[in-house]
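Chain IDs A, B and C follow the sequence of writing; residue 1 opens each chain.
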Amino acid sequence: MQRTSAMTSVQPDWENFYPRPISEKIPFFSKDGRLYDCLFAQQFNRELLNHLFETANKLKTVTHRKDGADHVSSLLSDKRAMLYFVQPSTRTFMSFLNACHIMGIKTSEIRDTTTSSEVKGETPEDTVRTFSSYVDMIIMRHPAPGFVEKTAWLMNRTGRPVPIVNGGSGKDQHPTQALLDVYTLYRSFAGEIDNKHIVMVGDLKRGRTVRSLSYLMKSYKGIKLSFVSPKEFRMESDILDFLRRHDIPFTETEDFRGVMKTADAIYMTRIQDEHDKSGESKAVDYSPFHFRQEHLKEIKKTCVIMHPLPRRHEIELSVDDDPRAVFWRQERNGMWARAALMAYIFGVDKKL
Amino acid sequence: MQRTSAMTSVQPDWENFYPRPISEKIPFFSKDGRLYDCLFAQQFNRELLNHLFETANKLKTVTHRKDGADHVSSLLSDKRAMLYFVQPSTRTFMSFLNACHIMGIKTSEIRDTTTSSEVKGETPEDTVRTFSSYVDMIIMRHPAPGFVEKTAWLMNRTGRPVPIVNGGSGKDQHPTQALLDVYTLYRSFAGEIDNKHIVMVGDLKRGRTVRSLSYLMKSYKGIKLSFVSPKEFRMESDILDFLRRHDIPFTETEDFRGVMKTADAIYMTRIQDEHDKSGESKAVDYSPFHFRQEHLKEIKKTCVIMHPLPRRHEIELSVDDDPRAVFWRQERNGMWARAALMAYIFGVDKKL
Amino acid sequence: MQRTSAMTSVQPDWENFYPRPISEKIPFFSKDGRLYDCLFAQQFNRELLNHLFETANKLKTVTHRKDGADHVSSLLSDKRAMLYFVQPSTRTFMSFLNACHIMGIKTSEIRDTTTSSEVKGETPEDTVRTFSSYVDMIIMRHPAPGFVEKTAWLMNRTGRPVPIVNGGSGKDQHPTQALLDVYTLYRSFAGEIDNKHIVMVGDLKRGRTVRSLSYLMKSYKGIKLSFVSPKEFRMESDILDFLRRHDIPFTETEDFRGVMKTADAIYMTRIQDEHDKSGESKAVDYSPFHFRQEHLKEIKKTCVIMHPLPRRHEIELSVDDDPRAVFWRQERNGMWARAALMAYIFGVDKKL
């Protein structure tokens, strides 16, 4: 892979670059017409989504046999990745780590900045550049919005850039979560996401996953969305405006039971009370936004129940045994979708 | 390997299952007549012990050459294990981790629950099920008695069970420690454990290892046991009753020097003062239960000195240089015994 | 590799051994005339340095292609290393870890002693010996001077020694840092270090790297050194005496600008205020010892700018874009030099 970046000479300063619309920034994070750094859900168009999903499907199938698994883990056996997760996230961390293992990528981990050289007065940018010296890819989760993007921007100005994959960047982006959600729809509907009725339930105001998922629905035709939430936690107006602009019909309601009957997918979410400012979550009765055993007979035989996990009480435990409860598969799909993304970034997707 | 479990439909609720005698529960953790989840020392009968020990011996021999080591590490190269160690235990952790490396199993680690999603209100069961999504085996150490067993029980009810290996479960079970202790006897006596006189020394009341070891002696013939301890820390009566039921002769004494002369193996243990309720350890003179340099001339030329480690002052440092001091080899035997167990669980033991 | 050590019977007690001159101790850490434990910068003579640098060069070249990388990572695929880093050092840790990955060595990590068995009253020596049971090499960083050496000394007395590599031992030694610094000179000057003028700048009194680098210059001919520092932080007299004894000319000055014009290499360092006793760093104006953008036009076209990193403000950020700024390559050279060292220790350097 050629490492020199065409963007070095033309890139503006970070302060000028950062506020630009994402659509304008995407080319800066591409190489030879392909996604290079994975930073925004908006980098996934329908063509790329389909390609990644087919790649993930192949990975699942091929690795079912040991010789296939050994072949897959030979494809990137010369690569080393660093998982730089300075914001706690065991679940996403483990998903990425095992995706690396599937692809044969060797891994190192930073999970705590207090032991790093940052204590010696180094800038975070120097720290990340140091770590990038040793590896071929950085998978990064960081609490500060924009930090992951800035890292990718900085690395692309150096003589030895490495791809940066966003594993969750503050509240703004978590593109591989969006990827795995759409992949789960893709698998659940045998590749046919068009014309589906998707119901999102819960704390839609503060949930990053439902926002990204709504956004990505613009890649599909005939989609109908229903947003079911307490009135305090309705979907934000920027997403609703986006849907109107793209002619995606939606309804907002508090009547979960009313809309579940026609749903093709029900996307449950927990209340995001870690974002409470003054205990507003406790003032809300969240129980109408739970999925219970009794609802299983209300929904379509083909309807799937999703959840980004972790859950609290939004889905009754006994529901897990129903074949339409796909959230555990969804969890696992994340690992495969991430493995597919790495295969794509390093250009070995064609060797499957 | 077929993943669907035959036990899903017949298994009772956990509250009814847990209190049953272990012998009744063993079939629930087996598959196709083989151990599937490794939870209890009682799962090891003489036949299985012999098979695991022969497998461990083969692993040691074959890996001595590089091509052999490469062959062994290709056997499970398609497997991923998670070491879920939420109770501190560097020693057991490292032993399992390197056993995985020997077998070519890729590993991920959970060593601290505070960074996990449990903080977001997830149940421990959901957390473990999440992690199981990414891997093919979970090796688990947990401070709560029964938690490892419950995990295995739960996983066996899902559509995608993975084997659970107990790496230490509260005070109740640490089956691979028992395995490595008997393996060390097996190696020390060239496979002939029958008719040996085994002396256990120290805090027998609170030491998990001496309890398991006593139990497993029922698999061998003509065994004679001597328990040497301060009277405050004598072997518990449940074990003594068990030995009586199985006609295994034993003596209890405070006279270490008296019994060491006829010993074939001396199993030293440290005082377990972390279990003190009110400083009772300090009230005891533990020095008569130390093995000193001067004792080396008292014991048989073929007698081996064992210790589960870590030690404090129970064995004088200069004893380490005597060839009969096998506790460092015992430590290493643990890694090989664990590697053999994994080879067995995944059915590649025949490929050695 | 034969594991029995010839030194067991002849070695004196640690208390007698430790204070001896390093030159006398080196044979105890060698095997078959080759370095076995890597403890002191003084173990590297010119012949060994050249051999390691040529090995590192080969590793860099060969791994450029995937089949070459796969070949290299097959060379030590049967080896397991433990990184025992109980003193925080993410940078050195990551460099060693990825060096292991390049060579195909499997790794385990100890990065915090509080979870280890040391809490159960075990001696540090027993702890390290335990960990050595599982692996073929220990890479160790420890805050206590002499601890790494003592570990190597102890291991060499056992029946199963493993090589010990010093990853930083208190203030006294950090041999692989010295190795990578000289390797960077070697690469920057196409293998010709003789007759160069090397300028070291900053806190020379308390910087371990400039001390080791000065020492290793005795292996080369016609070297001229300039030490540029605040008068409070001048190079210590033991090093100056050493240079005089070996007829290596040096000058001391506070005039950075005056000496930079003739420099072939400028080695920048940060102020080591973590070693302050009473805030003496704040009393010093360190700005005359910074390298700025404006200096780039003062120095030779072939002069290289080095820094052991992390940096604070010693080198202006915009300097990074100049091709003579080699400190990021220096960082990466460390990984290759360490990989070469491992190849050498295990005797696979000839298979490249």
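Criterion: a contact is a pair of C-beta atoms (placed from the backbone, for glycine too) under 8 Å apart; a residue touches a chain by one contact, two chains touch by 3 or more.
From a predicted model like this one, the values you see are computed outputs, not experimental measurements.
Taken as a contact graph, with one node per protein chain and an edge wherever two chains touch, the assembly is complete, since every chain touches every other chain. At the interface between subunit A and subunit B, two copies of one sequence, fewer than half of the residue numbers in use appear on both sides, so the contact is built from largely different positions.
Copies subunit A and subunit C of the same sequence differ by a rotation of 120 degrees once their CA atoms are superposed, given in steps of 5.
Taking each chain's centre as the mean of its C-alpha atoms, subunit A lies 41 Å from subunit B. Annotation for subunit B: no residues touch two or more other chains. Those residues of subunit B that touch subunit A in the complex are listed here as 74, 77-78, 80, 82, 106, 108, 110, 115-117, 119-122, 126-127, 129-131, 133-135, 158, 160. On the subunit C side of its complex with subunit A, the touching residues are 63, 66, 69-70, 73, 88, 90-91, 94-95, 97-98, 101-102, 111, 270, 274, 309-312, 320, 328, 331-332, 335.
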